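Chain lettering (A, B, C and D) follows the sequence in which the chains are written, and residue indices restart at 1 in each chain.
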Amino acid sequence: MAIPQTNFNPPFNITRASHLVLGAQDLAASRDFYTEVVGLIVADENANTLWLRGVEERQHHSLTLKKTTGEPQAECIGMHVFEEEDLDKAKSHFDRNGVPAKFIEVPHQGRTLRYTDVMGTPVELVATMKSQPRNHVAVNHHKGARALRFDHYQVLVPDVIAATKFYTDLGFRISDYLVVEGTDITVGIFLHKKDNPWDLVFLHRQGPQFHHVGYVVESMFDLIRGLDCAGNVGFAECIEHGPGRHGHGHAYYCYIRDPDGHRTELLLPAIQITDRYDEPVMCPLEANTVGNRWGFPPPKSWFEEAAHFTGAKIVHPPHEGDPLTLEKYLATKSWRRGPSTLRKSA
Amino acid sequence: MAIPQTNFNPPFNITRASHLVLGAQDLAASRDFYTEVVGLIVADENANTLWLRGVEERQHHSLTLKKTTGEPQAECIGMHVFEEEDLDKAKSHFDRNGVPAKFIEVPHQGRTLRYTDVMGTPVELVATMKSQPRNHVAVNHHKGARALRFDHYQVLVPDVIAATKFYTDLGFRISDYLVVEGTDITVGIFLHKKDNPWDLVFLHRQGPQFHHVGYVVESMFDLIRGLDCAGNVGFAECIEHGPGRHGHGHAYYCYIRDPDGHRTELLLPAIQITDRYDEPVMCPLEANTVGNRWGFPPPKSWFEEAAHFTGAKIVHPPHEGDPLTLEKYLATKSWRRGPSTLRKSA
Amino acid sequence: MAIPQTNFNPPFNITRASHLVLGAQDLAASRDFYTEVVGLIVADENANTLWLRGVEERQHHSLTLKKTTGEPQAECIGMHVFEEEDLDKAKSHFDRNGVPAKFIEVPHQGRTLRYTDVMGTPVELVATMKSQPRNHVAVNHHKGARALRFDHYQVLVPDVIAATKFYTDLGFRISDYLVVEGTDITVGIFLHKKDNPWDLVFLHRQGPQFHHVGYVVESMFDLIRGLDCAGNVGFAECIEHGPGRHGHGHAYYCYIRDPDGHRTELLLPAIQITDRYDEPVMCPLEANTVGNRWGFPPPKSWFEEAAHFTGAKIVHPPHEGDPLTLEKYLATKSWRRGPSTLRKSA
Amino acid sequence: MAIPQTNFNPPFNITRASHLVLGAQDLAASRDFYTEVVGLIVADENANTLWLRGVEERQHHSLTLKKTTGEPQAECIGMHVFEEEDLDKAKSHFDRNGVPAKFIEVPHQGRTLRYTDVMGTPVELVATMKSQPRNHVAVNHHKGARALRFDHYQVLVPDVIAATKFYTDLGFRISDYLVVEGTDITVGIFLHKKDNPWDLVFLHRQGPQFHHVGYVVESMFDLIRGLDCAGNVGFAECIEHGPGRHGHGHAYYCYIRDPDGHRTELLLPAIQITDRYDEPVMCPLEANTVGNRWGFPPPKSWFEEAAHFTGAKIVHPPHEGDPLTLEKYLATKSWRRGPSTLRKSA
C-alpha cells in the first residue's frame, strides 16, 4: 500500500514535536532518573507535578510528570505550532473534520489546544511557553547525559498508514518507512516537520500506545556519561537496548527505562532534511534480520512493552508482527562467520 | 582460600604479555576482520601465516594467525622478558622445577623459549622481535578501531589459585580478584607485570582454554568506528557483548568474535598500577547479579565458548559455576524500578 | 540602531544556505585539501572544475572550485528555495525591486537564478540539484574530518544593518547579533532560515568579501582527526584559529585555510532554533575582550584576509573596527590570574 | 654530544614521578582552579596547605600547594621508590656520591628523603603515602577535566646532558630527545621509569626552573570539558597553548596556567614503552619550524616563564636558544599554501 503524500499547504503550521505528559508513581524516583541519568533540568515542581527540560531548551518544559497511584500512563504528546493564530486555524480545521478538540489550561504554557487524533492519541498544541535562557554552556552544572533537547516520540498504532495520513494532511513529511520485504506491508513510518528525520514515528502494533521519547545528546561521550551516572545512582539496570546504531536513519542511540518503565531514547544529532527533492526512503525489512548496523536486536520488552494513553482504547491490528527479538537472536546465533563482504564482492 | 603472594625477586624478569598464536580456517577472512574492524597492521604474510600488530607497536607482531583445516585452536600465548639473559635464567628455572621448556625457532622473533605452564597452557618467551617504527600518528592510513597495542589475554583454568601461584612466583602481581560472595571461593584473578591491571587473567572454568585477547584502542570513538566498519564490511554480527563498562577494573570494552570464533576485547586505556602499596582489590561476586556497571551481562556464548590450546588436555573443575547469562537475565528482568540509591541512602 | 524585523510572509521561500563557488589556482592541491583534511567527497571533476559535497549530503555538490590563473576570488554564494515556483516568484520580486537577477545554466543544478544583493554579493538560487545517496555511514571510506554538510557562510559588508534588512525581508530570522558595548552599533548579525542559528552571517568590515564557509562535522573527534590528517599530508599549517568554542552561539569550531587561502570553519552540530518566541539574542562586545569562551582570539589574518567576490566593488565602512587580535592579546597578556568568579560572586 | 646510557642495575629503584609542591598566594583561588578546571580532588586542606590528587590515584596527594606571600616558587618535585629499603639505599648512594640528602617529615607521606640533584633541583623520594580508594568511576562527582593521575614534570636546566646523566645513572630511560638539526646539540631529553615515555623532561634553558606538571585526562572530551569549565568559572584566559598534538611523543595536550602562573599540561594517555629494544628516538629540531603536528607553536611566555625552585641558584647556559614563538610565527606566516605532500611525493 502506497505511503500518503504530504500536503505542502496544510491548514495550519505545526513546527515540531515538543513535549510529553507522563504518569509517575514516585516523583522523587523519577526526578533522580531524569536529572541524574538523562540530565534534564527541573523547570518547576510541586507535590503532584514535575516539569523538566533539556539543557539547551528555551521552552519552559518538554517533559511533564504527574503523580499517579494507578498504572503509569501517557497523558498526551505535544507539539508546537508557529504562532497563536495557528491554534485558531487548527481548532477550525478539527471542528470542520469532526476531530475532537478543545482549548484547555495548562500551567507554564500559553493557549493550549487538546485534540484526539485518528488513532485515539491525545495531543496538545501550543504556540508559546514561558521562555527560558538556554543553559547548554553551563557544563559545570550539567549532570548525566546532559540531554540537549526533546527530539521526537514513537507511538504504536494498529494502522500506520491511516495514522500517517492524518499527519501528512497536516504537512508532515516522511523521511523513511519500513516495508516487510517482498510485500507492500508498511510497518513503520518516520515523520518530521523540523529539519531532521523525526518528530513523530508510527510503528505497527496494537495501539495507540506510547513507546518512547527521544532526547538528543551532544556526543557519544555524553551518552556514555549518562550510563556511568546510571550505574552510580542505582539505575544500572535501566538500560534496555544499546548503545547501538540504527539501520535506518543511522543515529547512534541507547534506550533506557525510567522507574515507571517509560522508555527514553538518548540519540546523537541526526542528519539534516530540508530539501523538497529529499524523497522518502524505503527500508526493506527482511524476516529474521537485525535492523541495527551493529550489535544486537532489541529485547522482547522493547517490542512488547509500552504505556497506554489516558482514555484511549487499544485496537489490535489484523496481523501482529513477529519481530526478531534479542531472545530469539541469541537462541539461534552462531559465532562462526564466513568471509567479509569485501571478499564476497571481490 | 587465600590468594598467592607475589615473589618480588623472581628468577627472571617477564615484562608483559605481548603476543598470541591462533589457528584460522580462512586467512583472507581473518585478515579482513583484523585489519578492517580491529584495525591491526599486516606485518608480514604468506600462504599459511599472517602476522599482525597494533598501530602503536614497535614489536614486529602481536598476533600470528596460522592456516588450519581442523578446529581453530590457540597454539600458544606469548610474553616478553626484559633481556636475552632472562631467557637463559628462565630455562634454568624451568629445568630445575620440572617445567617442560625448550628453545624453538619462530620467524620474526629473537630466541624463543616455549614452555608449558602448570595448567598445561603453552607459552612463549622472547626478549626481542624485529623492531618497527610506530605508526600511531598515520591516522589517515588507519582503519576500523585503530587498535593501538596488545594488552592481555584471558585463559580459562579449572584451578585459578594454582594457575596464579605459578605466575606470582614469577613476579606477577594481582590487581583484582573475584570471590563468590559469602564464600572464600576465588573464581577470577587479574594479574599484571606492566603498569596497568592486566597482562594475564584467569577465570574458573574447564581448561586450559583461550578465552580472549585484549587490544587497547585510543578512545570510545575508535571503538565505535570499529563497530561501524564491522557493519560496513559484513561483520555486523561479530559483536558478542558491549559496548559496556566493567564492574571491576572499570575499563570500557566491547567483545567481538573473529571469523573462526576467536574473541577479541577492544578496551580503552586502563588505570595505572605501579606502587607496592597498591594492594590487590577483592571484588565480591553476588549470585545472580550483573558484573557490569551498566547494561547487560554477557550472553551464554561468552561464558561457554573458548578455544582449546594445541596439545593441552581439558580438565574440568570440581564445581562448574552458574553465571548469570544474558539469556537468564532477560528471562527474569522486570523494567519497573524502585527509587535511586540517592533516595535509598538519604 | 535597531535590528531589522523578519518578514514572516516573504515573497518566496528560501530554505537554507546550500553552496558556494570559489576560485582556485591549483585544483589538485585544493582537491587534496578538501578531501584529505575536510573530508568532502568528489562529486564530479574535469580539467577546470571540481565539485565537492559533504558525506551526508544528497545534493550533488555544496562546494564548486573553478580553476583560475589570477587572484582566487569567490564567484558566488548559493541558496536553496523550496520548490521550482519559488524561483519564478523570486525573479518577479527582484524585477519589481530593481535587484539584478537572471536565470543561468549551471552544471549539475536545476534552474538557477543568479542575483546581486544590496551589498553587491553575487548569489545563486536553486530548487533542485541532481540527488545523490547519502554516504554518512560509509565510515570506512571517510577521510579527514568527515565533514557532514554545508552549514553557512560569513560575508563581510560595510553596512550590516542594510545587508540584513535585504534578507529579513526575504524571511530570514536573526539568532544573535553583536553590539559594541555601551553603544547601539551593531557589528555582526547571524541569520538563519533552517532550524539552527546560521545560514548567513554578516560582519562589519569593508566588503562585500567572502570570509568563510562553515561545514558541520559529527564530533570533536572528527574535527581533530581532520587536523591530524592535515599534519600527515603537508597541510599542518593550514590551521588559522582553534580548536575553540565561540562566545556567542557556543559552537565548537576550528578555522582552516585552503591552498588559495580560502577559509573553512569546521564546526560541531549547533543548537536548534524553530520557535517564534525564540527571539534574537543581543551579545555585547566589550572592547579588548576575547569573544571566545576559552582560549585565544583569532589572529590578525582572520580579521583582515578575505576573498573578493567576482565583479563586486569593495566599499569601506565609515568606521573600521579595532578588534582584539591574537597578536595584540599576546603582547599585553599577563598570566598571573585573580580569583575565580566563584569567589568573586561569593 | 652523545646522550647518556641507562644504568639498568641502578643503586635503588625509583618507580615513577609522583608529586610536586608549589607555592600559591591565594589558596582559595588555586583550589577553584585545580578542582573546577583540572578536576583534582581535595585530599586534605588547612589554612596554609592544600593537598590534591587525581580521580584515579590511590596515593594521598600528587600536588601540594603551600600558602606564600612572596613570589610563588616550586618547593620540590617528588618521586616514588618501590619499597622502604630503597630509601635507605638511596641515602647511602647519595652520601657516597656527595649528593645532599636528608630524611624529613612530610604530612600524609611515609618516610621522605629530600635531596638536591646535580642541577640544584630539590627532589623528594617516598615509598608510601596514605592509601586512598580510587575514585575514577564516580563520574557524577567529577568536575572539570577529571584529571586521572599525575604523569610527569618538565624542568628547565642549563645542561640537559649533565642533568640526564644524573638520572640515567639511577635507571631512567630516554624515550625521545631533541637535537638541533645539523648539529649534535641536544636541547631536550624525555626520561621515564614507568611504562610510558615521560616521568621527567629536561629542556635547555636557564635553570633549574619548574616549567610544568603533566596530568593525564581520559579523553579529548574531558580536556575540552575542562576548558569549558574554565570559561564558566572565570578562568577563560588560563589557556596558554593548545589544544594541540605534539610533534615528538605525539600526545594530545593543552597547557593552562594556574592563578599564580604555574603551568599544567593536560594530556591524553600516551604510548606504552617497556621493551629494552625500544631505543631512544632522536627528533631533529629544524630552525624556525613548528614542533607540533598541527596548529601553532607555543607563545613566548611558554618558552620564557617558569618558577624558581626554592633555594636553587639559576645558572644560564652558554648559549640561549632562539625558539620559534607564536609571536614570531604569526609575524611571518603566509596563508597561501603550496600543494600537499601527497602531490610532492607523487
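Note that a residue touches a chain if its C-beta (ideal position, glycine included) is under 8 Å from a C-beta of that chain, and two chains touch if they have at least 3 such contacts.
All of these numbers come straight from a predicted model, not from anything done at the bench.
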_Looking at A-C, B-D or B-C, which one is a repeat of the A-D interface (more than half the contact pairs shared)?_
B-C
*Could you compare the number of C-beta pairs in contact for B-C with that for A-B and name the larger?*
A-B
*Distance from the CA centroid of subunit A to that of subunit C, rounded to the nearest Å?*
33
*Determine the centre-to-centre distance between subunit A and subunit B, using the mean Cα coordinates as centres, and give it in whole Å.*
40
*For subunit B and subunit C, let me know how many angstrom lie between their CA-based centres, rounded off.*
49
*Which subunit A residues touch at least two other chains?*
36, 137, 219-221, 228, 231, 233, 293
_Parts of subunit D lying in touch with subunit B, wherever the complex brings them together_ = 8, 15-16, 56, 58-59, 80, 82-83, 127-129, 131, 134, 136-137, 148-149, 194-196, 218-220, 250, 268-269, 271-272, 274-279, 293
*Could you please specify the touching residues of subunit A with respect to subunit D in the complex?*
36, 137-140, 143-144, 219, 221, 225, 228-229, 231-233
*For subunit C, which residues are in contact with subunit D within the complex?*
26, 28-29, 32-33, 36, 220-221, 224, 227-228, 230-231, 233-240, 243, 245, 252, 257-261, 290, 292-296, 299-301, 305, 326-327, 330-331, 333, 335-344
